[in-house]
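Shared between the two complexes below is chain A, which pairs with chain B and chain C, respectively.
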Partner chain A sequence: MITPLHSSLGDRARPCLKKKKESGWAWWFTLVIPVLGRLRAQTIMKARLKGAQTGRNLLKKKSDALTLRFRQILKKIIETKMLMGKVMREAAFSLAEAKFTAGDFSTTVIQNVNKAQVKIRAKKDNVAGVTLPVFEHYHEGTDSYELTGLARGGEQLAKLKRNYAKAVELLVELASLQTSFVTLDEAIKITNRRVNAIEHVIIPRIERTLAYIITELDEREREEFYRLKKIQEKKKILKEKSEKDLEHRRAAGELLEPANLLAEEKDEDLLFE
Partner chain B sequence: MLEGAELYFNVDHGYLEGLVRGCKASLLTQQDYINLVQCETLEDLKIHLQTTDYGNFLANQTNPLTVSKIDTEMRKRLCGEFEYFRNHSLEPLSTFLTYMTCSYMIDNVILLMNGALQKKSVKEILVKCHPLGRFTEMEAVNIAETPSDLFNAILVETPLAPFFQDCMSENALDELNIELLRNKLYKSYLETFYKFCKNHGDVTAEVMCPILEFEADRRAFIITLNSFGTELSKEDRETLYPAFGKLYPEGLRLLAQAEDFDQMKTIADHYEVYKPLFEAIGGNGGKTLEDVFYEREVQMNVLAFNRQFHYGVFYAYVKLKEQEMRNIVWIAECISQRHRTKINSYIPIL
Partner chain C sequence: MAGRGKLIAVIGDEDTVTGFLLGGIGELNKNRHPNFLVVEKDTTINEIEDTFRSLGSLLGSVVEAKPNEHDPPLDETDSRQFLHRDDIGIILINQYIAEMVRHALDAHQHSIPAVLEIPSKEHPYDAAKDSILRRARGMFTAEDLR
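What follows is the complex of A and B.
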């Protein structure tokens, strides 16, 4: 049914519309697609409904796949963070050990920094159509601190370097997991929003339009039927009227019966019998 | 130099020797260490240190107390004591004390050179320099553009000048790897110090020379150990060994050819002083070579106090105090990081 654009009472008088939260004329468009009530429109609408439903199912599948991956990543993040805590503690302690034996080498190390030895490459991973960034580390260049602690504490420094290298690798992995986590979260929200939009807005709209078309068609059919009936009645009346007329004229004798070829006994035109 | 120096020693240096022995008596004992190890937080540690000779040295520190603050305060204290000794000393004790500061000066100079080359601000580096190694021309370092400039303008005035001349010609200062430079400077410093002590003769030579010889041998061993697997070639390695000590000259030649730890151990087994040290490595405590060397150094330094009328007491005191500082910092780190498994791996002194 088409609801009128304005009403003095507004939505309050129409209980079926009271639950609509939006106001203004925009929501009216969401109720029903403006379309003429034709049969062709009905087939079109049916096709659209089918399309919407298929779309909704596909999106739901995508959302499920993304959620599955999301949970896996979450589990991995928790594990990596726990491991990170342990590794950092180890590394901090080995720093203390190295300081004990080698003295204070921090300024030398900080001053000699020029190029990064561990670098990161960004790669792309695809999950159900969502691209996730993945970071991979690689080593480049030689160790410029090879000779630090040559006279004191070389062993502890080597151990320290190893521990912190492990920590850096773990950090890179954690970074990659966390970016995937955030990207997936966004993607899942968007997909779910779409699914909900189709399910609660588009499909009902199409269904309502279909219902409207069907009612229009029914009404038209009823109209036709009514018209037919009226025409029949009128025809009947006309027919009765003309028969009555005929009776009268026959009775008045004005009307000459046309010669009935079959009924006549004698035919004047026949010369010979 | 003088026979019967016992007669004349106290005239010039008696006061300072008495002072240094008093300071030595206030080093932390085993009981103090046991108390410190049982602390749960750094605040407890501070309270325990207040009962020792350290007193209220941490009283002005704001919260939170960190290990680096403790370290800086202790170092300031040691510096103060050392400056007092130096200011009140006469020749030849003052030259001896200057020699002691040379090792810190070498570290500071390397730091400054590096900083100047990288165009870092001098103020930041000055803060990081070791206070015992201060010399007057430090602030002027940033004027120099290249290391040779640095040498000609500034380092020529410091006591380090002869060491630079020993190592290399001035032109070669540019290309040399900083670490190699540091080690070469240290080698020539040790050699000069050794000659000075030997020429002084008397009890000082008797006490200081074994200590310095041990230092030279220790450097040779550690450099060899740490250069396995690096790009340091054998010839380069040989130039870093000081030219004195028990290992000189055959041991050093053998060490230069060593390829791994076991070969080093067999070389050490020839010398009956080092044989038990190498055997003590590993075991239950997980001691490394450096740990056993530290212990031996502490032993020798403590023995130096058994003789009187020599300058070795000053050297020994400073070294022992440094070791004590390292121990306290180690215990403090273990406490603050809550990693108490190795808290007992400090080196006990008394």
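What follows is the complex of A and C.
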């Protein structure tokens, strides 16, 4: 513990210790950053406080920007999902139609799977420092089902293929929205956690340390002041004592006055008058 | 990260899968394993769950998805799983099947592959059950039911 020179005030002057009765140093160190009560430490602590506050404000802004984007995405997701419900219904209907005309082609379709024509790429988008994955679909290769439905129901089958292709596009868009949603959710949680940590743990800690430093400095000042006053008193007493002494000795005739240079009338060093 | 293209996987009933295959998303990888699973009346939940789980994590592996086989329980690195394949970007799953394996879906926290719930012929889309929308339940309760 950093003990001041003269602590007549005892624990009353150390607010960080006043109320707590736990033993040990551990909790004290968590409450306040251990520093010497110097002026330089005070300036350093002030700078740190400023830094922490700026950091907290920046993070708050980031959290706000992310939340805004998050809500926009959520709205869009809900709209798109409703749309998707409709599109899928249409597609399923055309499937039923095609089945009716062309017979059951499901097994042939499943057996003839080879290479996908529609694939997706993942690109990165950036929002307030958070990278979001975005899907983009692209076509590649030829239609491996060109010959299906050649016998009958070709038109229904073509319509069916178109409907499902449309559905796939919509679904890819929806998937992008969804991944952004999930990623943003995580990012917002992390940012908010950081903001709260700074606001409720770090800043109070620094403020408490500053208060402690200020009390230490004050106490030191008080001690100096007290010390100076005491010294002055002592000096005054000594002076009075020595003067009294002088009086006594003069009165007793023991003291010879030294020659007064200024009172001399004749100067012996002068050779010529 | 615009690299090699990723695939769209489907877990659904026969009609859904047929439709999407006609849309052109079906592929067999080099071990002749497909990126879709047709769920029939006798497909076990375990199987659906395992296939799904492998689709969602990031280990590369290979999938075997014959719907009528009853296989022994698998550990996480088993190759049937879609979540484990790194060449799958989106998983489409019928909503009623998603209900069956809801816990596996909720445990999937990665953003890729994205899991989308789609309606089937018998079960139209129900926004209240969608796992993604449930997360945002606190924010937009009125609009959820629109």
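Here is the rule we go by: the second predicted complex is superposed on the first by the 232 of 273 C-alpha atoms of A that agree within 3 Å, B and C clash if a C-alpha of one lies under 4 Å from a C-alpha of the other, contacts with A are read in each partner's own complex, and residues count from 1 in each chain.
Basically, a residue touches a chain if its C-beta (ideal position, glycine included) is under 8 Å from a C-beta of that chain, and two chains touch if they have at least 3 such contacts.
Worth saying up front: this structure is predicted, and the values here are computed from it rather than measured.
Trainee: With the two structures overlaid on chain A, would chain B and chain C clash, or do they fit side by side?
Mentor: Fit: chain B and chain C sit side by side once superposed on chain A.
Trainee: Counting only touches as set out at the top, which of chain B and chain C does A:115 meet: first, second, both, neither?
Mentor: second
Trainee: Touch check for A:89: first (chain B), second (chain C), both, or neither?
Mentor: both
Trainee: Going by the touch definition up top, name the partner, chain B or chain C, that contacts more of chain A.
Mentor: Larger number of chain A residues touched: C.
Trainee: With the two structures laid over each other on chain A, which partner does A:81 touch: chain B (first), chain C (second), both, or neither?
Mentor: second
Trainee: For the superposed arrangement, tell me the lowest C-alpha distance between chain B and chain C in Å.
Mentor: 5
Trainee: What part of chain A is shared between its chain B contacts and its chain C contacts?
Mentor: After superposing on chain A, chain A residues 89, 92, 96, 148 contact both chain B and chain C.
Trainee: Sort out for me which residues of chain A touch chain B in the complex.
Mentor: Contacts found on chain A: 89, 92-93, 96-97, 99-101, 107-108, 111-112, 142, 146-156.
Trainee: Going by the contact rule at the top, pick out the chain A residues touching chain C in the complex.
Mentor: 71, 74-75, 77-78, 81-82, 84-85, 88-89, 91-92, 95-96, 105-106, 109-110, 113-124, 133, 135, 138-140, 143-145, 148, 157, 160-161, 163-165, 167-168, 171-172, 174-176, 178-179, 181-183, 185
Trainee: Once bound in the complex, which stretches of chain B touch chain A?
Mentor: Per the touch definition, chain B meets chain A at residues 110-111, 114-115, 118, 120, 125, 128, 177-180, 182-183, 186, 219, 222-223, 225-227, 230-232, 240, 288-291, 294, 326, 329-330, 333-334, 337, 339, 342.
Trainee: Hey, which residues of chain C end up touching chain A in the complex?
Mentor: Going through chain C, the ones touching chain A are 1-3, 5-8, 14-28, 34-36, 38, 89-90, 92, 109, 111-112, 114-116, 118-121, 124-125, 127, 130, 132-133, 135-136, 139-140, 143-144, 146.
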